[in-house]
């Protein structure tokens, strides 16, 4: 397996998600960060790059320069792919340019600023024949893999009910007015798009429902809230959902759920069994059954499926968390890209991609549309 | 404090809730069960009464006989109040007759079969001047009292969001076809009314929201489900809720959430703090704060309020549960009724009554109405 | 089943355990408290009795008077048994007198003040042919019954290791100097005997090990601590234990484990499986296995044994706690005593008795002896 | 900050801890693995190195060759330090040779095969002036840092009691006879030394007690068990401990605690407060207090100390685990080594070193000595 070269767009000093991507890319030793356009000014990009041990001549002023110059490097040096870790309004243009110049793309979620951009990017990805990764990280948690594998094997039977929540409290106060950059762009529709908390974390909840159940949410009725003073985007929402097989459920998200840290939790109920997973203690999958007592699966624990184990690095009882799940995306992408470069791809990607990205944008638009129409049911 | 005499309507052998009421009434030693119309036949009523050490001549064939005969006993022997523990369709008539004959009433929830009966019973209670208890038991759990006290003192600030669920799985299969009596009447609209799981447990969730927040749910949009084959009543539901102060939330209930035992849980978020309580481990109240770490209150634990302690009987760390909470209703009713009999009532009842009963019926009707109208918002 | 009549010795106003015994006796409706010698003065005994709705002429000045006078009542009125809920130094004499006068005895733990008294009482009980109950309550918790049943059926295989702890923090400060009566007598050797926390809660841990494993602790090495200023009795201890089959373990108890409420927890490891039970959330039994994932049993839950279910009153998910477990002792004693009175006893008692009482005293003496001899191993 | 170059001794294919060290070293991007003597044969070392993207000429046949050849490389290419990740019997020689040739050392625990080697290595380290890291990873968990900081600031008062356990079940069966390499060397005294589970995990428990309390264990009485058939080393142990300030405690460890995965847990009780930490859910620190309710600290959560936050990489609620704690050692070593190379060291190391290594060996020897002498108290 060859080592891959990554160029990063965004993720300069002060970024949260940029460092997450770098740790995730580093963790398994198959990816080197070789260049970047880390910030909006050349000086800050250079400063960020130096701290990351990047050669100065590969710390670029902007993504256009990076793509142009890297393209002209010899293939043994040139970056293999870009990682886009900017706010939402800066996903589409760099992704498009990278793909048009032959670079594979890893992109943070939600996919784009607008649904139109999402459809456009989908066409570009599909016609490019290149790999595209959307970093919904929670599906790469071992116990979510375990849950999905059990659902797909029919262990829980026909799915009937889903209860999912993603609750945070960090925007309970007007953090956006304090100079906190993470807060500032998330409440700004020109950078976030039409969804606030909805786009930032509601999409994770949506993605997790569809990933674990293997079923699409086909219809929803949403009631979005704007509790922070002067906010124009939602910071809270409650959504009724219906799945393609007739299952029903409720989805709740918030960034004003004061005191909640990162409380993503999902429960799925079938007619043979059910499961619950909680992100804040991700190394347990609680399952319940008609004819036997509640059973707890753990990563690499007794009876855990081999697919779940392939998303875990260390023995049972040694907790892995957010970063390891994120790194699983990069690891699986690295394997997949190696296969691509070798011309021998073994089956489909086991990480989220452009399709999941478009679904997420459709979810955002359906929620906003429903909420603006008095919570009428809207199809996705 | 005098000892009080209770007559029971329903609760014969095979009843679940009848024995719960009896344990609850016995627990603190202030109430004696002296008579009953326990079953639909005189023979079974007698048999049940004997097992309960009731005098044979006070094991009545039906509630009409019981009320008639007890009324004619000397006041030193006569029952003081009736406890109605029958299915929903048998709440209104015995309650009405008891009140009309001067007996106080303890009644299981939901209040009545229909909303019309509820309004009618409200008028009867109010004009009678007698005490009326509705046994929503969860408010009498010490940590729910703690939560409510903290809300009312403003510790959590302005309430913004509520997430409540009441999930059971016991009707995941067609238990009603197996001869199980609890299941049979609950899926039968002639005995349950227009709500299935909605009336049985959805009303507990509704009651808990209004009790803990001190706020009314003023509007809701419901999506009820009927997953069990041939069921005519709901066995599942998801509801968007709006509270009178502008708070929003989601309420989910189910009796087909396979594997769930009695998973009632509520989280309430204000702009200064928040709390979570889970019925299955009721002796913890998790609170979260802007400026201090997560804090766990326990019954009789450090800093627990005196009101919460008055709902607890033993030192911290000695778990109390469902029966103790239920017994708190009877204990507080016994104190209140003593005050009533002494002609010196100290403040309002600290147990649910007719008002909560009517609210619950309104909640059921609003949910059904909304669900039948494609989840349109309906006012309560 | 006839109703039984109980007389109480001790348990006047301000007592903790007296009220626990009364609630436990009342809960299932088979026992009436008919008389008592509740306090050390006739006036306070009378006052306590009145609050308990006891006839004034059956509120006795002391236990001698009670036994004498009750004995002379007609057999249809006379108490059937006494419940002794006094401090340890007041167990032996009333138990002896009651037995000698034909009354069955329920006695709080530890059995007596001294080991000599324990042996003496054992002889008296055995020669009396009467029933004797020692209220170690934790074995009557449904999930402890489940654990024991599984051990005895060999599901966990050969037991190898036990880790048990009983940690409280209520004597972290010099509570005994504040007038708190519970604390005062427990630190006083003339009332407690030679064990402090050891006798009060260490004996519960010891009893739970022997009950759940069905194995005797045959040898121990103890290191007792006296952390409270001027205390003459232990308030903390750590003990190495060896079981009769070669299993080893550690037992730790404390009343200066600041902040702990009533943290009794036991883990038992065999060569086929293991279990953990925690008193503060008693409605879960965690089990672990060689060849299947961790499994959680609950009272009346799926696959719970019928024996465990017979110690539970309400459906799964409805938490029962300390009082219900305590009441199980009284319930099972009431059934047993009915059988005794009918002359048809079906099998042995399913509650602790004199043998467990003597074992507990031997445990106390072995610990003190070991600790005074530099933690040398001592046999029990 | 310059990037550092690491050479690895051991850690070839099939190694568990080798990959852990590599992930830990990579995670923050300050360390490159540049060479290694990964296995006992040149061929397997080469194969392992290739999979790790190491230049073939720097995949060495053994550690002697590696140290010799690296020493002769230019200083801009030469490795800066070695990481020793071999079984215990192969710690001393490579550490000694590396230090004698000017290379800093990172070494897995326990320090050496024998206590004599430990003292000898301590002298070598001290006289070398080079940096030495012992990878006890648990102290680098954020919530352990939080606990220690609170202890040192006196928040819990005078420490009185410690209860610590490290329970695993993976050696419940004779795994060593199945070809499993991790098991095989751990039960072999020629590779493990005189401690089995004692050396492997008992030392972690010992280290955690001394790290969190800032107090030395000065005396212990141990009862070691050998439950696996034909085992010559302990696979289980229970230990009474006494700390230098008079505190007492119990320490239990096992590798035959069937079903336990990696259950390391510590509770420390002072006269003002107490804490509990559980490794399997490491992102919570439970604290308890005299005058306020139980409080839960989380990494980067409200009120968490800045020192704890410096051991965490992502916001509150995003779980970090075993690998992140391990990586903290490498990160802090990288910072420290940079300071060393710059000649400006800011304060002492914030990772374990040679002193902790010698303490651990003394603990092993004291336990074995005590256990062989019928659990007599032995001083460390």
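Note that the chains take the letters A, B, C and D in the order they are written out, and that residue 1 is the start of every chain.
Keep in mind that, in the parts below, a contact is a pair of C-beta atoms (placed from the backbone, for glycine too) under 8 Å apart; a residue touches a chain by one contact, two chains touch by 3 or more.
Each chain and its UniProt protein: A, B, C, D = Gfo/Idh/MocA family protein.
On a predicted model such as this, the values are computed, not experimentally measured, just so you know.
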item: Maximum centroid distance from subunit B (Gfo/Idh/MocA family protein), chain identifier (CA atoms); value: D
item: Matching chain pair for A-D (criterion: over half of the contact pairs shared, by residue number), options B-C, B-D or A-C; value: B-C
item: Inter-chain centre distance, subunit B (Gfo/Idh/MocA family protein) versus subunit C (Gfo/Idh/MocA family protein) - centres from mean C-alpha coordinates, in Å; value: 34
item: Rounded Å distance, subunit B (Gfo/Idh/MocA family protein) centre to subunit D (Gfo/Idh/MocA family protein) centre (Cα mean); value: 55
item: Whole-Å gap between the CA centroids of subunit A (Gfo/Idh/MocA family protein) and subunit B (Gfo/Idh/MocA family protein); value: 43
item: Sites on subunit D (Gfo/Idh/MocA family protein) at which at least two other chains make contact; value: 259-260, 289-290, 294, 298, 301-302
item: In the complex, subunit B (Gfo/Idh/MocA family protein) residues that touch subunit A (Gfo/Idh/MocA family protein); value: 160-161, 163, 165, 167, 169, 172-173, 221, 223, 225, 227, 236, 238-242, 248-250, 252, 254, 256-260, 267, 269-274, 287-290, 294, 374-377
item: Touch list for subunit C (Gfo/Idh/MocA family protein) against partner subunit B (Gfo/Idh/MocA family protein), complex; value: 1, 3, 16, 19-20, 22-23, 26-30, 33, 51-53, 168, 170, 260-263, 279-283, 298, 301, 313-324
item: Of all residues in subunit D (Gfo/Idh/MocA family protein), those that touch subunit B (Gfo/Idh/MocA family protein) in their complex; value: 289-298, 301-304
